[in-house]
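First subunit A sits with subunit B, and in the next complex the same chain sits with subunit C.
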Partner chain A sequence: MSAPAISETRRRVPIVILIAALIVTAMVICAILGEKIAPDSPFLQRLGVGDTPPSPVHVAGTDLLGRDVLSRVIYGARTALVGPVVVAAGAFAIATLLGLLSGYLGGLVDSAIMRWVDFMFALPGPLVAIVVVGVVGGGYWTAVLVLAVLFSAPDTRIVRSAVLEQRPLPYIDAARTLGISRTRILFVHILPNIAPIILAYVVLDFAFALVNLAGLSFLGLGVEPGTPDWGRMLFENRSILFSNPVALLLPAVMIILTAVSMNLIGDWLYERFAK
Partner chain B sequence: MAIGVTRRGILVAGMTHAAFVSIVGTFTMAPSAKADEQIESITWALPSIPDTLFIPHAWMTYTGAIMSLVQEGPLAFGNDLGLEAALADRWEVVNPTTIKYHLRGGVKFGDGSPLTADDVVATFRYHMSPDSGSQLASFYNSVATVEASAPDEVTVNLKAPNVQFAFTPAHMAGFVFKKEQLADKRIGTPEVLPLGTGAYKLVEFVPADHVLLEARDDYWGPKPVVKRITLKAIPDRTARLLAMQQGAIDGTFDLAISDVDQWEALEKVDVVDEPSLGVYLLTLDHSAPPFDDIHVRRAVAYSVDRKGLVEALLNGKGEAATALNPPEIWSGVLPSDEVRAFYATLSPNYAFDLKMAKAELAQSRYPDGFDVTIEASTADPYMVNIMQSVTENLKQIGIRARVQETDNNTWFTNYINHDKLGMRIMAYYPDFADPANYPSLFFSSANAQKGGMNGSNFKNPEVDAQLTKANENPNPGARADALKEVFKIANNEVAVVPILWPASAMAINKKYKLSGYTAFWYNIPWAMRGFGLR
Partner chain C sequence: MKTVVARAGQEGPLLTVEGLAIAHGAVPITTPLDIVVERGDAIAIVGESGSGKSLMARAIAGLLPPGIVATGAVTLDGIPLMRLAEREFRKIRGSRVSMLMQNPFTMLNPLMRSGDHVDEMLRDRPEFVSRAARAQEVKRRLAEVGIVDEDVARRMPFQLSGGMCQRVALAAALARDPDLLIADEPSTALDATTQAEIIKLLRRVQRERHMSLILITHNLRLAFSTCRRIYVLYAGSMLEVGDAATVERRPFHPYTLGLLRSEPPVDVRMPRLVPIRGSVPRAADVADSCGFADRCDWVTNVCRTGKPSLAARDANRFTACIRQEEIQGELDALRMAAHSFAPITPRREATTGALVRVDALVKTFLGRRSRPICAINGVSLHIMPGESVGLVGESGSGKTTLARCLVGLETPTAGDILIDGIAATDFAAMTKADRGRIRRAIQMIFQDPYSTLNPRHSVGQALGEALGASAGATSPATPERIASLLADVGLPAAYATRRPESLSGGERQRIAIARALAVKPAILVCDEPVSALDVSVQAQVLNLFRRLQAEHALSYLFITHDLAVVRQIAERIYVLYLGEIVEEGPTESVISNPRHPYTRRLVESIPRSLIQRAP
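Right, the complex of A and B next:
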């Protein structure tokens, strides 16, 4: 196989990734437009109707308080996406800063940051989130903050490794010789070169955060009752499993579809840019 | 659908007992179990297991369901909810303010020590002591003195005649502790398990997780049918249903009525439902903003879709509450149809009306609304769903309300401690079938303090005066008139916001029977009331 052929293969986007991107795009549209594209208000209760199976009027049926399940799932995309985006962005803001410092400065700074990373690795992530949210309270946003900090540990290692690869390269030596400041070398010269790796892991972090936050909501530790949220819907609609199973299955499917799609995209980005 | 039960006859008899007549209690016992009917062990699920088994500090239905098998009071509630003898083989009302309880001989605590009059006196005095912090202190508000008038006799002197006190010795407020144990600060913990004279003794207790009970061979009453009972906490409704389906548990109390269809679909499970005489309500702290404003309280009252909640959550097995008392609890003084007619006259009636709610809020000092957080117990089958509905309606009128889920123990402790009350949801099941029970707890000024159930901090001299009449006067007509006045004022002032009167349901494996399931399942030794193999 010739070199141009390899390049062509790398450039081609697999159909699976296209489908995954379509799914994620659909989720993003739901998150942005939410109530505007939902067939009904996600908050409107019809207590006299209660839980009903799918019908032409309510395609995914209604929940115990008579709320339209499909509308809640569409509206729930906002909570489902915003939290993980914040977790992924927060984790990489922390990880990028620490990874750059650790990898470039080395010495005591590197040791201190890596011991912190080792400590964070020793913590059982979801359990820590459950304990902190349970004790401190604050619900969803506390969970987001905790996950952002927890996720930053592995990401710090990845950024550090990428920096260590860049540090001995001639362009860094040249920058140093020219008297460019450390800050400028780190953020203007090294960071753009490791950005593809960061991007790939941000996407993967998003997928993990989505599942973790849904899990916390399922345990009653995420969003407050009444909020349309996929994890919360799984939790609340268990009691109507037999009368309207769609109320349980639909948010579950949405969590799986989004998480798998983001995983596929993250893997593909990693393969495409980071290797 | 109305709950079609009348206990008028029973309660009239009970009242007469309490107020006028010297009574020799007739002791009703469940039939003794045959040897071949002995059951080695059962496992029973509860939505919550308390952090302590010391009732004065854990006054909850689930504590009662455990400790009613371990401890007994001088009297007990029969299957008809009337009073019957227990530790006292007879009791006499000497005069309207003096009651004597003659203790049964040969009764022993779980450690083999004999029951004495001093134990009963120490228990009653413990609740009465302001230093004890007993959550059940209000049951003894009417008591002046308690004395051991003989080695086997306890005399209670009331400050004034009080119809309700007659029920206290049968309620968990009357469960007798061993005197020496009451001095131990650790009582109720796994290290110092409370002793009782009941058919079972506590063997193991892991707070918030499970309790193991073992039948006593030296119990004074009929031999227990079940040798060992494990009560375990399964807060999650679906997990409880699956545990029942898999045979991991033999039964459970406090089913959500909305889940009953799922339980009935289980092959080996019987579901029993009974009128609960319970009530779900909102309390609004009258002593602090924003609920010190009558218009805010009325706005909240208009925002509760009671009928809708009954349809959605109770499948019709219950009733939208138009007042604090379910009509059936009046049956000792007023027939339920007359009660309903009276409730219909209450004005305003606070039927669900968001326009009226908005108009009331606009007249208040908070026309732009305010923020409020309401705690709801996740162990309760309805609270979170009720509050989801209520908060959504409140948001529509501009009150930014949110629900905070908590465990059952935290929810109740925060309520009873009267700490930052604001708006709270309360589920209350009767201590006894008397119409003055609820209003005395929720409307009396005496209970508007830490340890009291008046979570609205509602204080009204006229209400207090009428409650005194209702409690002191044994005449049913006079009591009814006094209580009607109380309900009129409470309705006008929005002392509480009643929500619904639910039915109660339990599930039991079909190989067993429990014929003595009543609205007071948490206050009777249920495993001794017709429990056995089918």
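Right, the complex of A and C next:
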């Protein structure tokens, strides 16, 4: 009966989330202002120098071709962020549309969409991406497209169940008895109410996409050779693990930090707004 | 019963609560409260939502939710409960203090057979070690709460009705023979007729066992008819304490008087109900003044300087009203004022030109394994223009399904619906123009005020959208039109910018009514529109319904389980029972002279007032 007032402590942002947000912000700045921040060109090869451990000139050392590792990591933020953003946005758009239709209309539409989702679930995600990119070609952007479609399947289920929760509420019934159009009910009434849940999952999608794309790059199916990319750096710098470990560890740490930060933020958003 | 003898030998009250203050962090939920429960006594804690009554019950039983803390002293038979460790407290719960909760369905473990709930409580008693002895005892215990069908013990909770579940829960709560039973709104979630049975059962058990009872309820009538002593709790402070009979006859606090007066009587139709203005405040907001000050007709500056404490006024009576002595004369006069009643001129029995006509309507749903479940079965009714018709029935009688068929939210399986001369049986089969006309002719008000408005839309947006849906709406809704809608339901124009979360239940229901009125409907279908509201607010909304009917020549189909509410609103009623109409006629004659056995049971289930009204 007597609902206790929401305490102030629940509203404060925890310190971990602040740190995570700070890390993500730093990544975004690197991605946008790469040229201005990087101490050196990421492409300049110094074949005579080869791989060197960290030194005052090259803070993170150089790779096999003598390129500055730190600069490559900073430039790498771009492919690390752009792809996952596109994947998350694409998955969001597909999932929202399908989920809204499926949940609100029900019946045949619902069955058809859900069978499609079931089919997508049955596919082993990264493997499909490998096959498609291998057969069709197109590298990075093909992989992004495939992941967006694959990620939309679980999100569609989430959106659908959120819609099913809203649908029987009287405010929807009231809109229906007023003769408000279906499109308006879907996008003006239901969508804003389920947006927090979708947002939380989109952030989680981003983290998954980042790891998946890095994995594909590692396998040589992502970005073009030579592009500064964290996943690709893992692959290229395997052989110099002992001469300059930083060249391998730094991109690995970046992938982990970004993915964990986004996961934390996504979880927190979900706890905070969607429950 | 040997335990009874042992208990009677002890002296002093069974339970004393002294200075029990509950807080959520730094936010106070109640001021320090005192309660005394004698052995074998029944007391009631009466309060509206947010009064802190449920948390108080939980504090006594040591079951406060995390984050909520209680200070003060609770003494049960000499044991200081608040100082017990959780391990020790566990031995007290069940065997000395038991609780009965509001929702019978969530109180039982859904994976345990109903008999096992009782069995579990008996398990650690030495006399019931053997399985056979326990089975015998479970049977006896279930019989005590009126369950004689032995099959019930083997059934799962979801196979039982709400009333049955509550009986099983009561048997489990009583299994260790507690000295004190705390019943938190034990009948609120049940149908009217079941409610009466459960309360009767509770009283019988309490007397037979000479057990103490704390009944937590929002229903004054129920409290007066069940308990000897009444504690009136409001926004976290105790406003009045006294014996039931004297409090009912002569309340010492304006709030108690207001509650008594705002409860709609079932026996007469009043020209206007007497509401208490405003809505229930939060305890933290009225920490430094009388909690009722803002809603009181006798408020002076004195009332707002500091929190008045409960003071003795009589041998057994306490009130927190500091002006009680000055104003008691006025309170008495109002209390004793005979109800004036408004006779209804009965309409002629014509049915031609009916606004709504329903013929042999059937609606079946597909149940489990595609077995059809009949929600309404051959219902026929009509509503004349400007007429207010009541539809009475318990949960599961099909009254909400009928309402949803009328406004096109469900499509009937068979039968005909005619609204304003247009066939409106299947909304999908109608022409667009016809559908638009029907949508504007009939509107619905929903039960739950908390989800009837879109939480993301401001009041202005909600009303603007509804205005946009009305006939010939070409231009966007002007602020003036929104303001006039708000004025219609008695709210200031400034509410247009508010969001639903900042509104009280009563205010939300007003907005919902304004939204329905935006399309200028001829009839409103109201599905339990006041049953989720606080008693002191119900009267306001009922008065609003009556005023709107006069001003807009509205018709109502007023769906409710509460005969007192329907008495105030409807001229004619239909009684729906298991999907069929079993009785119909003018409200007056159906309530005073019910013919069908079900209607008779319904009328008898209303808790009667202890004092006779002046004829």
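Throughout what follows, the second predicted complex is superposed on the first by the 268 of 275 C-alpha atoms of A that agree within 3 Å, B and C clash if a C-alpha of one lies under 4 Å from a C-alpha of the other, contacts with A are read in each partner's own complex, and residues count from 1 in each chain.
Everything that follows uses one rule, which is that a residue touches a chain if its C-beta (ideal position, glycine included) is under 8 Å from a C-beta of that chain, and two chains touch if they have at least 3 such contacts.
These figures come from a predicted structure and were not determined experimentally.
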Partner chain in contact with A:L241 - subunit B first, subunit C second, else both or neither: first
Partner chain(s) touched by A:P225 [first = subunit B, second = subunit C, both, neither]: first
Touching partner for A:L169 - first (subunit B), second (subunit C), both, neither: second
Which of subunit B and subunit C A:G50 touches, first, second, both or neither: first
Subunit B versus subunit C as contact partner of A:L65, first or second or both or neither: first
First, second, both or neither for A:L178, with subunit B first and subunit C second: second
For the subunit B and subunit A complex, residues of the former touching the latter: 237-238, 256, 258-259, 261-262, 265, 305, 307-309, 311-313, 376, 378, 384-385, 387-389, 391-392, 402-405
Subunit C - residues contacting subunit A, complex: 24-25, 27, 29, 49-55, 65, 67-68, 102, 185, 282, 284, 404, 407-409, 435-436, 439-440, 442-444, 446-448, 451-457, 465-466, 469, 512, 515-516, 518-519
Residues of subunit A defined as touching subunit C within the complex: 1-5, 7-9, 169-171, 173-180, 189, 192-193
Residues of subunit A defined as touching subunit B within the complex: 43, 45, 47-48, 50-51, 64-66, 137, 220, 224-226, 238-239, 241-243
